[in-house]
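Below you'll find a set of structures to go through.
Next come two complexes built around chain A: one with chain B, the other with chain C.
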Partner chain A sequence: MWLWFYKLASPPYAYAVAAKLRPWLLWSAIALMIVAAYGGLVIAPPDYQQKDAFRIIYVHVPAATMSLSVYVVLAVAAGIGVIWRIKLAHAVAAACAPIGAWFTVLALATGSIWGKPMWGTWWEWDPRLTSELIQLFLYLGYMALRSSFDDTQRADRASAILAIVGVVNVPVVKYSVVWWNSLHQGPSISKLGAPSITSDMLWPLLTMMLAFMLYFAAVLCDRIRSEILKRERNASWLSGVMSTRAVGT
Partner chain B sequence: MADFFHMGGYAGYVWSCYGLTLVVLLGNLWFARRELDSQVLRATRRAQVSTIPGSTTSENAS
Partner chain C sequence: MAQSLAGGAAAREPGLLQIAGLIAARELRLAVRHWDQVAQPLIFFVVVTTLFPLAISPSLTELRNIAPGVVWVAAMLASLLSLESLFRPDVEDGTIEQWALSGQPLPLMLLSKTVTHWLLAGLPLVIMAPVVGTALGMPMSVWPVLAGSLALGTGCLSLLGGIGAALTVAVRRGSVLLALLVLPLEMPVLIFGARAVDLAMHGEAVAGPLNLLAAVLLLCLALAPFAMSAAMRISIE
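What follows is the complex of A and B.
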């Protein structure tokens, strides 16, 4: 187990693994997304209050969940990079940022489109919405801080501090609807206790969440490989790989 | 079928959300791929330069 972990932390091995895993992750994500979209748009019955508008949940909730999960992955990777000085961990953290930022944009945009018919407004300075907007600024700040350094190692360390401190916003977003009296509706599913929606509505949501995770992993594979190529530009293993293999594999 | 596209009067909201999601997911995938392709190309060029006899610096390739 530990041996495998050490092996994975070596850039040449991680590069090869990411390349192999990517198609499997991507195709299973696409397949699950199609199934979940069919379940959410066709099979699930309309909500008794929100009618068909509730179907936005199948893209909004997975995007919002990923905006937080990706940040946790980013912060944990950055933490590992700082504590154990593993270069690959910093590469993973840097690779997470643009993907997480896009999920956050998607969550805010679909939430806004959902808010218009349900609340009568595109935007409200509500705890959930405001904290999710701060989440977007955390991603953007992280990326801006990284790009302000020419030296990759300094960029890694400085941005890791920001990433770790920024983690406090994750529980604030997650529990904002519970802690404060929010315009945003409460959670429909929770790990403890029974979900408040019927199984015909629930399974497409859970399937879509799984599909988004696999999709994230697939895109992460590409982004990690880019990061490795940037960081290892003078490594001897790289010229070996590049001179024997065709472009794009 | 018309009912399905109508979405009980919420067609504009529901379909714009799904369309937007598709665009963002495809865009994300495309951006990552394009970045990887350009890095692979750069690394390949560098590898070619460094394997030419007589050239000792791989820095010139970028």
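What follows is the complex of A and C.
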């Protein structure tokens, strides 16, 4: 049962799997994004209060969700790397950080663009926004710590500890809207029993979230491959892969 | 023969409290001999708070509104400044390497060191804060809350900062990096601490944020030593 896990942890195998998965993930992400964008921008009715301005949630909410989920993936990968000493897990964690940071930037930027007409201000020091900003700082700190070591293995383990300690911020961001009385609106979709938005608005949002996840997985495949290339640059299997490819093309 | 040797070794094996006590005593002795270095963060704390009246306005009514935040931010920066010297000298001269090799629990040793560090760097801030606060126009009735919130809060800052210091101790010019790593983690402490003082100034109940600060402190006390020790083992290898 653990065989696939061990197999996946070997860089040559993971390199090949990531290459195979990537087109499937990327094209299904793009297809779902088109469907969700059509559903969100054309089919969904305008909000009774916010009119058409609410449509930015089709980018904002998935990006914000991903900014947290990617961090959890990062921390879990870092934890696996520390506990079982799997080098590939560290490579996954390293690959997650820039993607997550960009999702966080996207969530902050779209929120700010939406905030200007709705709240009348680009930025508000409200718990949700502030904690999302802290999330961005955590990503930046993680990347800064990683880049400050010359030795990849030490960088891996030191940054893993930071990633695991930083997990405490994830629930704080997630529930800041519920815990503090904030300007940011409460969650619309997590109440599965009775979602507070209509199904016409909901399905494009859920589709878009799925599309973002697939997109993340696709980009992650790319980044993992480049991490493996960087780390295994002296390995013999890699020169084998490269030479067969050179012959093939 | 072998048994009696082992028995003798066990008899000489120091207890956990004894280890913590020995390390604390060593730290205090070192601090007495370099008392000027110990005073630096405290002076920094006072100097930073002096900047705010110069930059914003000398009027006490204006300063009073921002005083809780100013005192807390200054305390946070002073604590950050003192973290730089928490592990660095002992890592450079190999002391901590010997600790790690000694077979005694490294988390406990680092915890003892951090607690002593708090006595030398955090406690003076707690004592000085009411003076600084009064200079910024805080009423005397806020003193207990200010000192109490800082006592709980600087403890959290020392422990969280200890993790960052252990991570960055091997990095050349790690002080900027240390700030970048530690400040985001410390932000909840700042929020609760400054909020408690602010509530006290408006005569409202402060138990909520103080309880949260105490909870954060307990969490840090329980978990930070292990994170510190894991980070330290990476840094000294």
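To be clear about the criterion, the second predicted complex is superposed on the first by the 243 of 249 C-alpha atoms of A that agree within 3 Å, B and C clash if a C-alpha of one lies under 4 Å from a C-alpha of the other, contacts with A are read in each partner's own complex, and residues count from 1 in each chain.
Everything that follows uses one rule, which is that a contact is a pair of C-beta atoms (placed from the backbone, for glycine too) under 8 Å apart; a residue touches a chain by one contact, two chains touch by 3 or more.
Because the structure is predicted, anything quoted here is derived from the model rather than measured.
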{"item": "First (chain B), second (chain C), both or neither touched by A:Leu229", "value": "first"}
{"item": "First, second, both or neither for A:Asn169, with chain B first and chain C second", "value": "second"}
{"item": "Partner chain(s) touched by A:Ile113 [first = chain B, second = chain C, both, neither]", "value": "first"}
{"item": "First, second, both or neither for A:Met209, with chain B first and chain C second", "value": "neither"}
{"item": "First (chain B), second (chain C), both or neither touched by A:Ser148", "value": "second"}
{"item": "Contact residues common to both interfaces of chain A (with chain B and with chain C)", "value": "none"}
{"item": "Touch list for chain C against partner chain A, complex", "value": "163, 167-168, 170-171, 174, 177, 180-181, 183-185, 187-188, 227, 230-231, 234-235, 237"}
{"item": "Chain B residues touching chain A - in the complex, by the definition given at the top", "value": "4, 7-10, 13-14, 16-18, 20-21, 24-25, 27-29, 31-33, 35-37, 39-44, 46-48, 50-51, 58-59, 62"}
{"item": "Chain A residues touching chain C - in the complex, by the definition given at the top", "value": "82, 130, 134, 137-138, 140-141, 144-145, 148-149, 154, 157-158, 161-162, 164-166, 168-169, 172"}
{"item": "Parts of chain A lying in touch with chain B, wherever the complex brings them together", "value": "26, 37, 41-42, 46, 51-53, 55-56, 59-60, 63, 98-99, 102, 105-106, 109-110, 113-114, 116-117, 215, 218-219, 222-223, 225-226, 229-230, 233-234, 238-243, 247-248"}
